[in-house]
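This is the structure I want to talk about, given as structure tokens.
Going in written order, the chains are labelled A, B, C and D, and every chain counts its residues from 1.
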Amino acid sequence: MAAFMSLRDAVAQNLNDGDTAAFEGFTHLIPHAAAHEAIRQGFRDLTLIRMTPDLVYDQMIGMGMARKLVFSYVGNPGVGLLRRARDAIENGWPNRPEVEEHSHSGMANAYEAGAAGLPCAIFRGYKGAGLANVNPNIKSITCPFTGEELAAIPSVRPDVSFVHAQKADKKGNVLVEGIIGIQKEAVLAAKRAVVTVEEVVDDLDAHPNLCVLPTWTIDAISVVPGGAHPSYTHGYYMRDNAAYLEWDRIAADRDTFLAWMKENVLDVGPEVYESRIEKLRKVS
Amino acid sequence: MAAFMSLRDAVAQNLNDGDTAAFEGFTHLIPHAAAHEAIRQGFRDLTLIRMTPDLVYDQMIGMGMARKLVFSYVGNPGVGLLRRARDAIENGWPNRPEVEEHSHSGMANAYEAGAAGLPCAIFRGYKGAGLANVNPNIKSITCPFTGEELAAIPSVRPDVSFVHAQKADKKGNVLVEGIIGIQKEAVLAAKRAVVTVEEVVDDLDAHPNLCVLPTWTIDAISVVPGGAHPSYTHGYYMRDNAAYLEWDRIAADRDTFLAWMKENVLDVGPEVYESRIEKLRKVS
Amino acid sequence: MSDFTPDEMMTIAASRALGNSDVCFVGIGAPSAACNVARLTHAPDITLIYESGTIGTAPNVLPLSIGDGELCDTAVTTVSVPEMFRYWLMGGRITIGFLGAAQLDKFGNINTTVIGDYHHPKTRLPGGGGAPEIASSCGEIYITMKQSLRGMVEKIDFFTSFGHGDGGDHRQRLGITTKGPTLLITDLAVWKPDPATKEFTVVSLHPGVTKEQVQATCGWPVKFADTLEETPAPTESELNTLRDLKARTEAAHQGPKTNEAA
Amino acid sequence: MSDFTPDEMMTIAASRALGNSDVCFVGIGAPSAACNVARLTHAPDITLIYESGTIGTAPNVLPLSIGDGELCDTAVTTVSVPEMFRYWLMGGRITIGFLGAAQLDKFGNINTTVIGDYHHPKTRLPGGGGAPEIASSCGEIYITMKQSLRGMVEKIDFFTSFGHGDGGDHRQRLGITTKGPTLLITDLAVWKPDPATKEFTVVSLHPGVTKEQVQATCGWPVKFADTLEETPAPTESELNTLRDLKARTEAAHQGPKTNEAA
């Protein structure tokens, strides 16, 4: 059963130095508040898994928390490059994380296989692609019926996954809606799962076929209104596209980055997100 | 784009003697009307794929349409054996269809792999199970990362799939809700897809994460109210459990069966289903 | 309370083996009744999953099939069948799988596929359905069946689902990491596998049942535990809950009369 | 109508290559604009799919990311990312995949991964995202990019996605059954692969563009078709549609001012 607790406790109890951790959300529902709490608690040597590392991992990488990155797109979607990730990979600042790179199809299949308890994902992929030459975790198997060669990669099985979602009911069942991405797979593939939600309601009152994570699949739930900002929560507030554009400037310079992190992450707490989304709330 | 047409035309244009055909619906939404139309049109030499053959395939088998059966549970759910299927397999009446038997997990994975365009499904299954010894289509592959042996079976790729669903919009987008089973996979795995629906509406007005089959994944749509009877359509009418219990008596005897088929299938048309569900409609 | 049938005792004994934190993969028949009696008595928070994709369901009447609408109406969520078998069963999320059997041997191996030769069966049974992977993927397996010489046999005709194979560490040797059958509840007794040999051993006789009755309806020489318990008789509350459930179910399954045979 | 930019010409030329029955896997940037211009002009029934899982979407403004809420709000259905890549992309449901490139060679091979050595990159680019399987699973691939000597190179630094490899039947030899790049639309010209060698060949110059300009901004010796067409200039309707879309988009992306930097 999921336990409701403060974000500070949820992160402290479920993340450890050296863990393999996924903070997931495919553009939508990125768990920024949880990642910032992890930054404040100063974890080190993490293997960070995320399809699209974008801002949240740029920040964690820039703060020196990453020993290894597993990803399929290390960019600021629609804006350009991730400057802290680049600085780490190209120049080793503040350290040089190991890189395991896949395609989106590879990562999606690897999460799916992880949720299914399988050791590997099998799919048609990487044909003629250079990643197969530089990533030793891209292998192949032969279909025993047709002889076709299919790609095989290890499944993703994080020690802990963090996701953001719309809401939980009082028992801790969680509803995810809109662009559901790989929220369900990230939770089910992980040994431990932490969910931040916008609110707690008496009853989810959700259509039976929506994406609901039963309470017994989750370890901890923290209520953090605005906890996805500058990503968004469908039905609650819009994506802060301006912040994504602005990040490009902040991350371009190490000192500017560090100053920004101190002011906006290290010196604040989970209560700030609600104020950040005030102007982004949907008028309904 | 899906074309709206009569059930007679939809079946005539999409099913052929010798085809591999799936009439799917996992207890819910079984396309009885479509199967009965296929019976009336007298197709032969079909390879019939269905996880749970139950009444609809018992009838097709008893009418001598099946050259081969691919399934994972050949029973009348909650009632017992399928007497026409038994008579065919045990006594060759009216013919002795070839049998390819899987587990539910195998069939579900095989449909999933078919929808994904893969030649085979890979999963953890059949460990110690006798089916692996009698079904040459159950093979294995070795995970290239852990060395674990995993089951491999061919994906399901029917020539044509028939499913029943709640409703279509005027463009032919189809909504499936409730126990969605493998309706989506059956349609996406098939070369051609025919859908019967309870009704056509202007706008599905469905939550974005519900199971919707876009019009361009479907070949033909026929409006057949009650078309799942004695199975059910969630939100429209209940399962006719009494009919499932009654079938056990009808199917027990060859002559009773044939007389019942003449009276209730051969001599009627798709318009009868609506009257059969009159007493089963939900009071809302 | 002494006025109960062996069948009722079986279902109630099975229900007692279930707890609030269990996640059960439920089959039809006695398992479904046992799971729902548990839910309606001592384990209100138990999670019941039917292979039709309904997770956390709480039906008011027992479903006739594993896909009745009632299961979806009352579920926490309803997923596709591929997802059910991939994420929930194969993903290792189920603590207890409930299986019945047409034939059972003393090591908990089950046949529901054929009587006779597979390719030329004397009786073609429905087959495994979910059973082969339920048997290997669930944390542990509970089996319920009525005792009979035809059902409890020295050698089953077909291995629909694997229990402990030839006994001992046979599961581990096949690379199966789950516990397999840990409990057999019949209409006469409660059985548990011997820790070493894995042969089912009677640990408790239902009220009024003798060792001789158990042996007379079992096709292998029965082993009894040194200290044999008596299964507590159904309480009034358990029995009322089960009977009410069955009465509601029977009424519902007759359904409204339709104007066609089927 | 002569008052248009090369960038506008590129987007509009790309939009014309799309039809009502196409199912397009849309990337961000020029492809997204082209697909939506097609939808708003001659191909109202085109199906646009973004890799975030939104199928049949019809955004009023162009998304900044592939996962903006607008895409979901207007979609026929929104599926999970694993389903998107398994059933819809790998399942062969997409007729046209749109790709951009940081580096492109004459056989339509694309690099968006690194400049320099992969393990010690001079510039670490975002990487492939969906591109490796878009390139192999979609029926055909359209590429859009602005011409430059840095971008259109003799030899790309990394094969993010496979086009025609070394040309000829290289795709077939790798067991890839789809057509690969069949169209390249730049800010200066329309290119199609030679039927035999698969080398991209200029088939149409945009209005006012010379062969010399095309060659001056391309790092390989350019082949021109024997009969070279002139790309029809954007119509007023096309141009207005594109400009309105961009204006709506720009306004939306600035967003309401928030009281925090990010």
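Convention: a residue touches a chain if its C-beta (ideal position, glycine included) is under 8 Å from a C-beta of that chain, and two chains touch if they have at least 3 such contacts.
Bear in mind that the values here come from a model prediction, so they are computed numbers and not experimental data.
Student: Considering only chains that satisfy the touch condition with chain B, which of them also satisfy it with chain D?
Tutor: Under the touch definition, chain B and chain D have A as mutual neighbours.
Student: Need the CA-centroid distance for the pair chain A / chain D, whole Å please.
Tutor: 27
Student: Just the number, please: Cα centre separation of chain C and chain D in whole Å.
Tutor: Each chain reduced to its C-alpha mean, chain C and chain D end up 56 Å apart.
Student: Could you state the distance in Å from the CA-based centre of chain A to that of chain C?
Tutor: 40
Student: Which residues belonging to chain A are in contact with no fewer than two other chains?
Tutor: If we look for residues of chain A contacting two or more partner chains, we find 112, 116-118, 123-124, 148, 178, 180, 184-185, 208-211.
Student: Using the touch definition from the top, which residues of chain D touch two or more other chains?
Tutor: Those would be 72, 78-79, 86, 90, 137.
Student: Spell out all pairs of chains that touch, sorted by label.
Tutor: So, checking each combination of chains, I get A-B, A-C, A-D, B-C, B-D as the touching pairs.
Student: Which stretch or stretches of chain D touch chain A in the complex?
Tutor: 28-29, 51-54, 63-69, 71-72, 78-82, 84-86, 89-90, 113, 118-119, 121-133, 135-137, 158-162, 165, 170-171, 174-176, 252-262
Student: Name, in rising order, each residue of chain B that touches chain D in their complex.
Tutor: On the chain B side, the touching residues are 1, 112, 115-118, 173, 184-185, 188, 206, 208-212, 214, 216-217.
Student: Which part of chain B faces chain A closely enough to touch in the complex?
Tutor: Per the touch definition, chain B meets chain A at residues 116-120, 122-124, 137, 139-146, 148, 150, 152, 154, 177-178, 180, 207-211.
Student: How about chain D: which of its residues touch chain B in the complex?
Tutor: These residues of chain D touch chain B: 21, 23, 45, 47, 55-56, 72-73, 75-79, 86-87, 90-93, 137.
Student: Can you tell me which positions in chain B touch chain C when the two form their complex?
Tutor: Counting only chain B, the residues touching chain C are 26-28, 51-52, 55, 71-75, 77-82, 85-86, 89-90, 101, 103-106, 108-109, 111-112, 123-131, 134, 148-149, 178-182, 184-185, 211, 230, 232, 234, 238-247, 250, 260, 264, 272, 275-280.
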